[in-house]
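We call the chains A, B, C, D, E and F, going by the order they appear; numbering starts again at 1 in every chain.
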């Protein structure tokens, strides 16, 4: 199994989820955070104080997929989350050892 | 001076006029001239300015008043008998209703108004500390006020009367259901003034927010009220020194705003800058809360300014208009200056201008005309802007929430320019005897005195507290936030 | 008793005094003695206490009043003719303005005051459920009040008059622009009392927050108002049993707070504790909201307490002072006790004390002096503290937001100690005929009756609703939160 | 029509009655008949409707008034002399206090009321933009109002008087401490009306929230006020066309709500739908804020509706009751309809109904009886519900915060049904001369005129701004949110 | 060492933490997010607009454990976080190369 | 490539980011959460109810780096985030298979 992590622009979540569902991904976990990269942040001014905010809001998807689905999942994310403008994000793939479904105790690909 | 505000005792009360001003209100107060004179004498004792400011536009010579009274007395012998036999009330229900609402509006300025305005500007880990400090300050001030504050501010201080009142009304001794101040029950006057005593130290808290020990604040408030505020209130409104100098302060520019601004700055300097000041992102955690607070401050400020007319009359109405337009002008002025200079018209800028305008119009509220008020706002907004941005950044003191830049600077602008815009030629309420030079002198004298009085005494008080228990929390606690470390709570669990 | 509050009908109206008290206000009400007597008789019918409390400090013998009236009548035959020919209004614009503002202040207590005070204390997943429940309760109460509530509370109930009013004013029949109550239009009195009917059941909601079905609440409110609140209001303020017993309740200690506290506790016991109670972290989701709510409750409470004077006069002013100082004292007392006992001075503690103080001063508001009010606050704060912490933890009932510990306990303290601190020797307003023993007896009698009345009937109502539709949501829904499952919304999407 | 509201100038002022209505208030206004007539004439000039609405229930024939005055004059020659020698004030302190509180209540409706109500409904990235827009609108309106707005609305426009006032009071020229309007100082009337001018354009902002440039709004507000609002106010309240047609609008159904609703819709259509409209989750970011805002709107609306009686009297009291019950009924109606149709009783539904009810009762506030008000609410809630849900979804226009569905629709319902429920047979205040047919005709005429006036002119204004600077921000900025891109700030840093 | 990621129902956090502590786990990191899977979301209605919310709130635990503790940790989580109803969540196990304690610079299992 | 996860004290973010930038790291993702470990939490009291909060607020950094940068990145984080007091946090290193830049589709180290 492969563990995929994707950093995307927040407003791309729905399209990305649909693209993943379309290729058979049945589950994922999404969390919020802020990214640092080429995309520049913004400046906030509060009375006299100016703050250069270098981080920009991003969403982080993580999903475990069967080995044979991994490439297609990466491709699906790339297709859906792309705007072509700086800051679109990254997709990382890690190798995984095991998955367990808490409800039933099933393991391996059955757990996904 | 001939234009005292509601809080103020004019140097030489003109008792006959006062007598009339009380007469021409309601039949229960129609009295034969003998009684009228007696009433006038007693009214002149404490707060004749109240009745006087009410009647600015309606003054009629005392002779005519006496004639009216005499004529009525002749027609109504039974009424005279009744008046002599029974206590006759000078209470006006409209004025009393007006002062009741003004009282609670000034309370609303502190809580939740000021608490939110300040609380929104700190980081979320210190939100509750600000709210607790403001609310505790209000509670302490209320109790101290009825114990000894009212007496120290509004009774005769004997030999020390230039500086402070006496102890005749400790624990409100002698105030009862029948006591009257102007056309309202004295209890209402006690309550109205109480809310001023409550908000003033709370204003100062903003300067040293996010690092002061709660214990230090709990000590600071009653001591500062006793040594600094009550005497100041007496000197300006209770017939003391500044009143005698002729310095005008309609609703509290010196007593409240300059006073609090100086105390705040001293506190900020003594406790030192916040950890990370000038380096870390100390952004407001909720401008939403700040905006709610500013709005409630604006709404409540009518209690502050119009309420200082002490009656529901033309003076209060003028103060109402001015409190709307000076504020609006100052808000817009800050907004547009910031837009031009910094590139963005920010909400924090707009509300800062609004508060600056409210502060500036406070001493001038019914002394200037609406166009003077607009001008005052247009000046106050940008000057406060410069102080809160450039000057503070240059001098590198950490006045966390700009109490100095807004309340002190705004207060000084308002106090000084009252001496300008009250000129009749500029639409103000000064009469033919008005001299801008001498009025400006009196205004500046008042400002300088307030700075010295508040500065020196506030310094000594903070020094004392620092020696005894220390002003500042540990660095670790400051970093974790005062909410958890000082109060054991957390502001938001969303 | 000779110190009835605004809401209250004294056992034997002294019509002549009332007649005078109406006379000495405004010329439009000067009437020859014959008319005065007639007016007095009608005024005495419904709510003479109103006019009476206003004049506490100004009572003049009826003989003098008659003499005044006679003298005037002699001088003004045309006026008499006019007065007979035309309806003469007893409306005082100042009092009416005062009651208008009091009305909306009490509305503001419920929304957003109470809604935020309660809402901030629940978990964020139940925030909207609390807001919806409070707002819906207010809406239901308004409609029910003009349909049958006002009539049940403030008309003569015939044979049942000891317990409840009648149906003469169903749908406000007979109330029109010319109707007057005391010195205000009857419509204003209807509106003022409406807001009391709205807040009382809303107070009870806090006990069983976070688990009760919305449908159950929508049933509970109108039934409880009809069977419990309207009769209680009649018994205390409408001339019923408790008024006859001489139990004093200036602004609603029994009718509102004890009544709601008992109903809340019964509801909490019957619906059972929240899932995770005593195990999980059920921390308030936003003490910021709770603080805003508490502040608005304090500000609004002037409508509640001072408004209960029904006029802008000395009595209202005394209530204003007391509502400031009792509250402040109670807040500080809770804060310092908690600081000593638990190690932290918390904001929640401070605001809890504030609310406890407000509740305690409610029945006593203008019966005690300011120092009595401070004493009352100093007692109420710590006693409520003990109930909300130790006692509740011992007995392990889940009164989610401490309606019992604050409103019931505070209400009882206030109701009982009214009988103590109104002693003239303690600065209270009792006159020479005051006897602490008998007054205390009357007060306790009133409290016990309220507990029984509210307890038994509330139990039956909850039982009924439980049988018909069930009181509690499913465990799954409770876990997911009422906002999503009951209302289909989410409070915060930050 | 014989039932003009406070703002309104009746077609043919009945000066004698007005004279009396001023007489029977306070002794300072007792004048011999000659003076009375003069006073009446001047009072009739500008706003006689004020005094008139106050006295609806108390009208007495002018002959009797004259008789009273004559009798008094005979008894009090000295008083007459005094009155001639000195300026005599027609100010009533109770009414003035009432208008002061009404003024600040209407201010509170805008800030923080409306700002929060709207702000809570947008996504958190646009929160500050809404708050800034509303506050800036208020500031701009205040300044513009004292500069030229008041003059354009409330002075005689000469040849154009049917449509707009003149420039006699530019910069408040001629208004001073002695000026009076009805029984209040003219300054208070200026302030009260100022707050109406402030809230009206702010209401429209909700339609095009989340995408309009701030610069466009800063241009829109003063132009729209000048070309659309001030003339409308003149036409309805200042003696212009609609007043002459006999269209009744107690507190601003046409001038404020229909007017703003139309302008909002036009703006929404011209700026186009938000990105993601109909596809993405555009859920309210904080219904908590929306609920606070709605509650403060309700509380503040008493200033709007009861304040429009211009005096603390029975008319104001009736408006108070109606503003409670119509609102409650509308809130409940929306809630139950939504519960039935959509399966959940939502808080947003309840508050939407509440606002719909407030809007609907506005034009009718003191013209209908309480049961008529309940009926009006029960109609307004569901009709607004249908428009905000079904109709909007069908037509697919993006009126972000349903200004059209709530303010326009609610306003039309209220304006039209005023012509129904004021029928005496339905408990309304129409007198024997009331004809439902002709009143309905006048009401509909007023509505149609307002739609056309506001629609055409608003279109032209938006078109102009679009051509000059563009209405809409870039797509990227819209996506990132207006807070950061337009104002350089962020609403929540929790 | 093994890196364990668990997606659980929010109200199961305390029980899960206790179960892990009981078997000797001394540290973990918890973050909030929303999950997509078999468990269906809910519908929110705001005036006219209906939104089908497909994501449900979940907590994400992550912890690094020594190899020999991994199986017991998975078991502990499974035992504590299970309700038997749909949406209970998953446990993923990844292989890890290194751990460092920032305070001391210790590495490997000593760092845990 | 190596996937690095660091749990740090919140107020150390800016220094850590700067240290990483200094050695050539060009991107990262930050999320908030709460940690459980040796560092003790605090007690909150709300009226009668006392809650021992065992979790303390932490930030979580994650970054993908080229193999040869991994050690220096760990070192940079350790240097910047260290206060020497308990609760400073951990750095975990995992092996990664692949990285993709969504905007361009580049993979491998080019994607970083």
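FYI, a contact is a pair of C-beta atoms (placed from the backbone, for glycine too) under 8 Å apart; a residue touches a chain by one contact, two chains touch by 3 or more.
Because the structure is predicted, anything quoted here is derived from the model rather than measured.
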Each chain counted as touching chain B and chain C at once: D, F
Chain labels contacting chain C and also chain F: B, E
More than half of C-F's contact pairs recur, by residue number, in one of A-B, A-D or B-F. Which one? A-B
Could you grab the centroid distance between chain B and chain E? Build each centroid from C-alpha atoms only and quote it in angstrom. 56
Distance between the CA centroids of chain A and chain F (whole Å) is 17
Chain centre separation (chain B, chain D; CA means) in Å: 32
As a quick test, compute the distance in whole Å between the mean CA positions of chain C and chain E. 51
If a residue has to touch 2 or more other chains to count, which residues of chain D qualify? 26-27, 75, 92-95, 97-98, 101, 281, 283-284, 292, 342, 344, 346, 348, 488-490, 492, 494
Where chain F touches two or more other chains at once, by residue number: 31-32, 44-46, 94-95
Mind listing each pair of touching chains for me? A-B, A-D, A-E, A-F, B-C, B-D, B-F, C-D, C-E, C-F, D-E, E-F
Spell out the residues on chain A that touch chain D in their complex, using ranges where they run on. 11, 14, 42-46
Would you pull the chain A residues touching chain F in the complex into a rising list? 2, 5-8, 31-38, 54-55, 58, 60, 74, 77-78, 81-95
For chain C, which residues are in contact with chain D within the complex? 26-28, 75-79, 81-82, 85-87, 89, 91-98, 100-101, 103-104, 107-108, 111-112, 115-116, 119, 127-128, 131-132, 135-136, 138-143, 146, 171-172, 176-179, 184-188, 190-191, 194-195, 214, 289, 292, 486-494
List the residues on chain D that touch chain A in their complex, please. 276, 280-281, 479, 484-485, 488-490
Residue ranges of chain A in contact with chain B within the complex: 44-49, 51, 53
